[in-house]
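Take a look at the structures listed below.
Below, chain A partners chain B and then partners chain C, in two separate complexes.
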Partner chain A sequence: MRDQNHPESSRRADPSRAKLSHMGTLRLDLAVARAAFARFASYRAATVAGVATNTFFGVLLSAAVVAVARQRGEVSGYAEQDLVTQVWVMQGLLVTIAIWGWTELGERIRSGEVAVDLQRPVDLQRWWLSHDLGRAAYHALVRGTAPFVIASLLFTLRLPTDVATVPLFVISVVLAVVVSFGLRYLTNLAAFWIGDVRGVVRLSMAVWTALSGATVSLAFFPDRAERVLRWLPFAPMMQAPSDVWLERDAGMGRLAPIGQQLMWVVVVLGVGRVVQARGVRRVVINGG
Partner chain B sequence: MDDARLYLRLVSGRARSQLQYRWGFVFDVLGATLVGALDLVAVLVLFSNIAVMDGWSALEVCVLFGVAQTAFALADLLVGHLDRLPVELRAGTFDTVLLQPRSSLLLMIASDFSVRRVGQVALSLAVLAVAWTRLGLGVALLDVALVTLTLVTGTVIFAAIWVIGAATTFWTIDTMELTNSLTYGGRQLTSYPLGIYHAWLRRFVVFVVPLGCVAYFPVRHLVGLEPASTSPLVRLAGVPAAAGLVVVAGFVWRAAVRTYRGTGS
Partner chain C sequence: MSALVEAEHLAKTFVRRQRGGLRQGLRRGLRPVRAEHRAVDDVSFEIAEGEFVGYLGPNGAGKSTTIKMLTGILVPSSGRVQVAGLDPSRQRVELARRVGVVFGQRTQLWWDLPLRDSYELLRHVYRVPAADAASQLDRFVDLLDLGAFLDTPVRQLSLGQRMRGDLAAAFLHRPSLVYLDEPTIGLDVVAKAAVRRFLAAENAEQGTTIVLTSHDLADVERLCRRALVIDHGRLVHDGALADLVARLGSGRTLVVTTVDPVPPIELPGTEVVRTDGPKQWLRFDGNPAAVIAAVAAAVDVVDLTIEEPSVEQVIARLFAR
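What follows is the complex of A and B.
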């Protein structure tokens, strides 16, 4: 006879302690990602509006880039065509990596709803990462490609000449999404300490946009600044994938930006876990 | 007068509520200000590669940047929260606005006032002042009057486009981003000399969506880059543009509100 109060069985009865099998977690990751994909795919009008927005910004940024490149011939080894292409690759990346304005987790922490999330038998960071990859997959397929296609009617854009570039680019974009997710996750965790996270998010958005190469390619920065910026976690979100597309490096050197991205993936996700472990001790459930 | 008092009372309440999460607010002000500062960095980074852009020096572009960004920041302060209108439309909470015996547009505009955005106004004005002094432009009464008029018309142009764009979401709900491309995109567009853009885009932003009239023509005159053959009236292009947009905005807003159906029980 099994004792009802046996520690083993009571642990199993507590859902927060239950452990999913390895395959089970993977299936769950996929299910979350698929749900996120469907969630964002349902906003059709927003997708059209978003593509139009990225295209308009792309036209404006291209004009500024061309105004400089025409005078210089090339900037830090980037020809005019490279710089214009980079503008358009980045317009697709902006929404794919969701550099702007994610406060969903922060809001849940502020309201205390995160307490419910923490009760679930899934890892919080992993759940949100799956969600974000599902979202990114949708944004990459639609909003990531459309501005580039439209722009190729207006400009002569650079296409890869080497077949290997395509898989490398895909890997680099996925890593860019994960780095961006890791940074956004960290800023949202600030809600454990300061409550309203919108200011931190807005502040970090501004910094990331400027220092990742999104508003002006790092190529335009003075050499010393460019070298420093390439070692910060922002270039891996925008400059790195677009450099892969432009085939900036040759041979094994092509793996260098991807290696750098991988390093930052480990750092931002790792720091995120440490911060989260400290933060959950401070959960406040507002409103009873 | 009554409307003005109502506006002030409503926004001062909103402003006070923003001071509740103190650190959140500090980061908010810093963030909003930094957005403007980093736009300036972008201009300066581009100019670290070249001496002139379309005939404009870095300081001259900074004057243009200062005027355009101030106008944008003021419009953002007054009506930027219309960005959230679609949320109210989707949830049906716009009902509560219609139940008040006041203009629905006035109530929407008074529904928020983001104190953080004051930081960006201050920063943009500072850029304008510094670039202006370093160019040695002096303080001739007529010039100061033209700058002031340009800031007013520029703010009105941005704000009216914001209202029109927000109003169209009564029909489409999900297209606020399109409006943002004209408002936030307009900030980018007007911060650089119009000459760098394609002819078709220039025509579009002067005659169709008059973002090109926000700062370019008056500033071109103020920094001494206006071609001698240009009529002085061109400097005042912002006045008819702003007036026309206000009429259109009022019309579109009223038509849009009439289509509002709520979201059932």
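What follows is the complex of A and C.
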């Protein structure tokens, strides 16, 4: 009797439905991102604690850069106000790009939960990228903006003078998240070979924190080191969006950091696909 | 009718690297020892559309490994497998649209979100039209009694509730084929009964082909017309479960509690295997009703329960002959 509503034709997955429209894929990406957003929004205590932590460290770092700026005047063309603003932009970016690491996929590979991911008719990398963008959207909107707003009551922060800066900044943050995701995805895929990725992830976090401009702005590095660091995949995660916000370069030069980000997006996602294909073929599902 | 699942000489070998002790290590020059483990060894079978097949075997027999090769998650070491005309490991994503899976000890539900949200997401994963997904969900709410906890975060659900939620998730997109790996593990009697009712209905009314692995012989007896039995990676039985049980005897145990302790009950076709005060354990093969009637006629019974043999016990007996 229940069958009446379900004609046989719709019962079986017919081939026409298997041919997927791009719209359908995009809707899935959005649905995954929405679910991830909701998931991280459900961790309320973590959100409050996180905002407090970012604000506390932001105040400490601000005091430090103010002291340096008062002694040295400008640092590589960054004035006192720029340096303080940079501290707060970066406090917002830290958790948005998940600089303190992400081991969820690695843990799933280790425990065998990845079997559940692999039996879905979706690409693993695309699924987790959508998931990460949903997570990042939540972190950017709540943990990213709250410390900045609080700080603007304590310090004179620099706001963009050009309207175009705002969309450019948003694009740059999204690209920063994708580069960071690509690198995190790679470290997590290592679980297919080495089992436990926590060590690899912790090591990579130490490198990122040091070389992305997160703790010490790249402006404080010697000129030659700064030039090299800007070409590595770490600056695109922190220094690049921050420079876009500060309107460091004029005219077309403002697109330079975004160009570097785009280059690294292509590299990390491309390498991720190759490694994923190999990992999935040699998968051993742990735990039965 | 053409076969939905075809496995021919399917095998999967895992290589384990073992590091021996120091002495062994010195002798072998610190090279790890490679130990090969044939988890699935030359298994062949076909499953037709609409069948309800039990896939049985003790722990580590190769059940889950076989299922993972059928879904394409694991690449077979040798042999050939085809499901719905596709090569699972090469066309995993395409095949996944037509298949549903429940790994009893894992979940595909979103832990931190209300149960309902997982279905909303799965609707997009499998591209089920909204109206169709809604009517499916209505059916499941009814059959699996999900209504009370649809809006509860999955992490707060009991095991039985979560399992019912996972079953609905596996059937939402009207798959042609569903693999269930231990779907009743750890469930209480009521939850087991609900799960069995649901599976029987999906198979009978919707025509969904179901492959079930279980330790619970009662699951298989009540649901599956055919049983594949695997042990040490090899297929040792393919046919009606009733044939297997008839061949081996079901080996049930009747636990009899009498008013006062009585001497061991002697009845043809039964054997007292244990006594404890007024309680006696009678092993028997064959019709339980006849045995119960005979026991009730012979002694003053306070309580009777039947203990089912586990799949392991039946299989152990298969090998004992």
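Remarks
Basically, the second predicted complex is superposed on the first by the 268 of 288 C-alpha atoms of A that agree within 3 Å, B and C clash if a C-alpha of one lies under 4 Å from a C-alpha of the other, contacts with A are read in each partner's own complex, and residues count from 1 in each chain.
Rule of thumb we're sticking to: contacts are C-beta pairs under 8 Å (C-beta built on N, C-alpha and C of every residue); 3 or more make two chains touch, one makes a residue touch a chain.
Quick caveat: nothing in here was measured; it's all calculated off a predicted structure.
Of the two partner chains, chain C is the only one that A:L118 touches; chain B does not reach it. Shared-chain residue A:V149: touches no atom of chain B or chain C. Once the two complexes are laid over each other on the shared chain, residue contacts for A:L159 go to neither chain B nor chain C.
When the shared chain is aligned, no partner comes close enough to touch A:L141: not chain B, not chain C. Shared-chain residue A:V170: touches no atom of chain B or chain C. Applying the stated contact rule after C-alpha superposition, one finds that A:A49 touches chain B and leaves chain C untouched.
Contacts of A:V266 after superposition on the shared chain: neither chain B nor chain C is touched. When the shared chain is aligned, no partner comes close enough to touch A:V228: not chain B, not chain C. Residues 43 of chain A are contacted both by chain B in one complex and by chain C in the other. Of all the residues in chain B, the ones that touch chain A in their complex are 21, 23-32, 34-35, 38-39, 41-42, 45-46, 48-50, 53-54, 116, 172-178, 180-182, 185, 188-189, 192, 196-198, 201.
Across the complex, chain C meets chain A through its residues 14, 64, 68, 71-75, 89, 92-99, 101, 103, 105-108, 110, 112-113, 117, 120-121, 123-127, 132, 135, 139, 153, 173-176, 205-207. The part of chain A that touches chain C in the complex is made up of residues 2-3, 5-6, 10-13, 17-18, 20, 24, 27-28, 31-32, 35, 38-39, 42-43, 112-113, 115-116, 118-123, 281, 283-285, 287-288. Of all residues in chain A, those touching chain B in their complex are 43-46, 48-50, 52-53, 56-57, 59-61, 63-64, 66-68, 71-72, 75, 193-207, 209-210, 215-216, 220-222.
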